[in-house]
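Note that chain A is present in both complexes that follow, paired respectively with chain B and with chain C.
Right after this comes the complex of A and B.
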């Protein structure tokens, strides 16, 4: 008893304890990693996966006791063990309905594997643009460096560790100096097998003064309206935006109702670069989209928006971590959620302004509309500021539809139900307005509206 | 930014920092020497039994302490706040210290009267400007010196109205049924680490009971003084406002300059019944420590109130300028329909002070409303954090919350942080949160100076303007004191 304080300190658990269900899930994924390693003869890749496996077995899946996972429960998720198998055979006709209305260079990933037959011919891309599959890169041990960016942050995310542990495929996009890619690059990620994991590791490098637009779409191809269909998508993307470069990104997640989606994007921006991203979330039982943005130069601009609609029992989580490290950075965020039924929306945003980042302008807005009394919104807009000459603010508002607005429209002869629909739609689509390419903007709006209006 | 500009700014701040480091104005930092009875350092069951015996407590109180202590031993010291500190050695503190008086040593503290106040202690309070002799001041005071309450003024006057205003130890003796009924109902002993510790070793505190329909004609107040080195102060305050009553309660505190950290872990429980209103104001000016905040007070406080009845109202106002580390979240549980919770706070940190403070508003009843206005000022090398929770339970139909968190940075070595948690589970609720960060602009200073206002006055003006919304909520004398405190704490922050 005399050494109470020291004993309380030491009792901090070094070895985490897991429930039998979680433990079983962890062992399952560790086994998948071992299987991958057995089939591979590249030492670098094997050791990378093994290192991640060790870390994963130690840290495991997060629980609601973890500060960052308090609102996003994984109790259902760990009950299913997702398999990892090869590419299933589907035809272009199968995915036709997922393809965009605008011209684009198409890359198709099926169940986490690059599909050469469904993708456009990548050998005839415009000058300065190269796209390779990660699987191909892994074949050549010397090119490993190309794949592996600054790893430290990935290791802090449980699903990042899982991703490295199951490292298999993804795409690698490089746009060389001064190249402007006219056509958007459309990446379709389609789940086709029930209880299967799509493990994607993407890497995007936009070199100095280059510009590109990437649209990523996550969908499920469910056989005969199988309502029980559940696939797991786990993505890690590392994005480097070079000096004076501009990168536009749209991520559309519309997977099957019982699927899972976890994404971690690590973005590194150099001086005077512009990064513009929108996340549109409508699918999956539990989804979590995370941006980790480092603004490592002067005069950087970034826009991070999200538009999420959740109904039923969905948990929709979108989070951003924005680090201003140099002077004159501008970051802008608008996150909008519409929640119906018993859906849970989660937003977590952090703007961190380092001591050196004077004259920062950081703005973060989160607005939420609750359509049902059993819906729930948990939000944490945070600021951590170490520089004094900055303009930083965040705002968050949660409420229901303004009755005055409905009345205004009704007074003009619009039926109530339609008025509510109009207002809700207008509310949800605001973040889409920041998309530069009008055709992509229209396409995203259509997806959101369709989902909203059932 | 050009290099010349950088050096210019550095020198500008250098000047500020030089001035700040000269600022050693802690006028409350004197030590009182008087005969005291202090327990040996250390914490174990025997100590708890001894404290209880010393206070001649009934069995139920001892049981409460022991239960809390047993639970505390299973807990881990929390380190999630945005403040860095070494784990505390709880065995290195003394858990009971009191000025010696005849009555005390016989174990009959409850009979203590004003005549028995140690003259040295009385002098100390006089120096602090606390009217403990019940002079013609407009306020009733409970003065707490280390572990015990030394005097409670104006009790008779208040008793005529049925108001009970006494020290916690007396209440345990004289009103055991009331204490038993409310103790631990708002902050249970297992609530958190420091609440458990407080429940185990609670020294003294204030007990206030306002009967039905009574409006307290004067402000009630408690002044806390930690004097002895290496002691912890663990006061427990319970405030009960019966149906339709009103009270304004003030709290002040200070401690002498010491070179080792002193611990202050208080628990405050407020119960507000139907149609009652409680205003709870705090001016916290614990010793912040030397330039590096070595030896300052560690202020780990759990304050919570429950708006039990319909139309009840609880309002927390705080001005926080002291302490090396502040860990404090005065909260409102809005249980009664139409009840109102308010939180107004000014927190100023300077040197290496670290403050992690905010509030929790838990909406349970229908049409409950809450307002949070938090103003954080950071100077020197300090970190100032707002951390708050707004929770709307599914039952809180028509609940409304407005939150505004403004931070001001003075100098480029400090940090200002905002960590709000917002959980909404009812669609008819309306929740708004806003936060901004700014600094005193050069143009603002220039504008004032151009009109003949000195830089120091201009800063004071701007800061007071920044904090005005909160100060206007403080009782008049307190508002003045808070403004003065702010001016002293900021003195020399710009050359």
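Right after this comes the complex of A and C.
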């Protein structure tokens, strides 16, 4: 590599080339953006979407040549053009089966739009807690800066760009200083319309020494026997966890088996804050859940776990990017996948320790269980360390079910199939143990077990 | 007759290990099977329990009037065959409680009894924990995870107590145990002895047998039982080792 060649590359920006199918999909979503803008009177929202559109038309959807997307194919995804329409009418009875077994404040988003009638009355929340719909915020031009975080990185992700281009609704949660929100906030995101995009933009601000728990559930309300139902969910969340604040989050993705799910969570932690997140992935044909975590202070703690089960032809991708930027940070990760049939699991994790982040303790573990010979796991745990006094580890192990364990259970009278289920379930549920609220832990375990036991 | 083994021949990966083993066990009897390393002791225990790696090529095993070799591993366990493992297996994430409640209910189902719910099971398990003098938190822990070698084997004896089998096979349960753990295992076995329950104790050493005092002692060599006798045979072996018996056998 010579200086000459690299400078040549810089001076001539690469023009990306797209296949006709990808190009058609890109133009379709650009058109949706234009349609949204036609219906909007707010110049700054319009210009935000337009800027994103320009970027999107350059950068477009990732292709298989993009290293970050090599294992998460979008070939099927780009063939369907998902519509973006208004709120569809469903009732509380329709979503009853998706509601949690524990008390919670309920927010319901239908096809990407905030549903006032299905959500709890958000005007009577306890002091210090406020929830608004993003759609409402967009109505008030002066509140635009509430929407976008100060150091936003959304543009770095192709689905982030798409999300801004189609900016429509989502929820905004703010918890004031010293406020502890006792009840978990349960956000149900339900797909109801076939070939429709739910474009969600969320923003969560947990102020100094505040505490909250949010459970986000992504599901599909499919007409019976419609196995072809496919919805697209594209969600971007920006989360700020202030000094000494605690934020617990559980994301349950259990959408219909031909749906798509793309999520980017940008999380910023301040000194002595604690962030604990679990991703439980069982649904969608192709799904990708990404955490972008910046630990921008001292003595920060974070837990990022995943429990994923995929079967059939599913592609299940969960990835984390964790930046330790100051001293004495502790980050812990356990990502577990159980893969059956021809499913593909993808994990990619990067822990980056800045020069200033001495005494960092960063642990990342990925463990995978393959239940069939044609299942596949692609995994890449990475460390990038610039400080010299740190304790970091990363590891990955993929294997099949342990025959000795199965025999041991059989030798006590437990049938083979049940023995395999018990061992598999115990393997998959380990990351759930880090959930602090035992009722939520039980609820998530039940969802995973039910899926596993078909 | 509880167990009748006739001309049992078995192999693993084409290697013949058992070469015509005969054994009869009546209800309530305790049999010890001794022998040098590689004589086929553990293979015999594994074949009785139904480990799939072994292929039975000849012979028959009748258990309680039924063809044992026709049964799956779990069916054997449900009908009352119990194997205490040489190396009990760790199962992360599965609690002893869930494991044993599932197993006990499988056996109860076989006997036509209603399943134990959580409370019934707790009460039942508590009796056994006291009987065997086990740690009270045993049920809450993951199966054998983080257990010492001795704890793992005691856990197996605890499982044996819970499942109340007809035939208990102890596969070198004594190996690697310190004297305290050995006593606990021996006391457990003695506490479970009854007129209906039989034991096959597979071991390399006499240590455990001094506590258990078997009714019959067999020496296994080269895949066959080459000598049988009473408890006195244990001490004969202790003094003279296996060499005399082996030479005698090879001479024949």
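Definition applied: the second predicted complex is superposed on the first by the 438 of 454 C-alpha atoms of A that agree within 3 Å, B and C clash if a C-alpha of one lies under 4 Å from a C-alpha of the other, contacts with A are read in each partner's own complex, and residues count from 1 in each chain.
Everything below uses one rule, namely that a contact is a pair of C-beta atoms (placed from the backbone, for glycine too) under 8 Å apart; a residue touches a chain by one contact, two chains touch by 3 or more.
Please read these numbers as outputs of a predicted model, since none were measured by experiment.
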| item | value |
| --- | --- |
| Partner chain(s) touched by A:327 [first = chain B, second = chain C, both, neither] | first |
| Contacts of A:76 with chain B and chain C, given as first, second, both or neither | neither |
| Contacts of A:130 with chain B and chain C, given as first, second, both or neither | neither |
| First, second, both or neither for A:400, with chain B first and chain C second | first |
| Partner chain(s) touched by A:370 [first = chain B, second = chain C, both, neither] | first |
| Which of chain B and chain C A:358 touches, first, second, both or neither | first |
| Contacts of A:391 with chain B and chain C, given as first, second, both or neither | first |
| When both partners are placed on the shared chain, which of chain B and chain C touches more of chain A | B |
| First, second, both or neither for A:378, with chain B first and chain C second | first |
| Chain B/chain C common contact set on chain A | none |
| Of all residues in chain B, those that touch chain A in their complex | 1, 42-44, 73, 75-77, 80, 87-91, 394, 407, 409-439 |
| Of all residues in chain A, those that touch chain B in their complex | 1-6, 8-9, 11-12, 67, 71, 327, 355, 358, 368, 370-400 |
| Touching residues (chain side chain A, partner chain C) in the complex | 402, 404-405, 407-416, 418-419, 422-423, 425-427, 429-430 |
| Touching residues on chain C, where the partner in the complex is chain A | 49-52, 72-74, 77-78, 82-83, 85, 88-94, 98-100, 102-103, 106-107, 110, 142-143, 159, 163 |
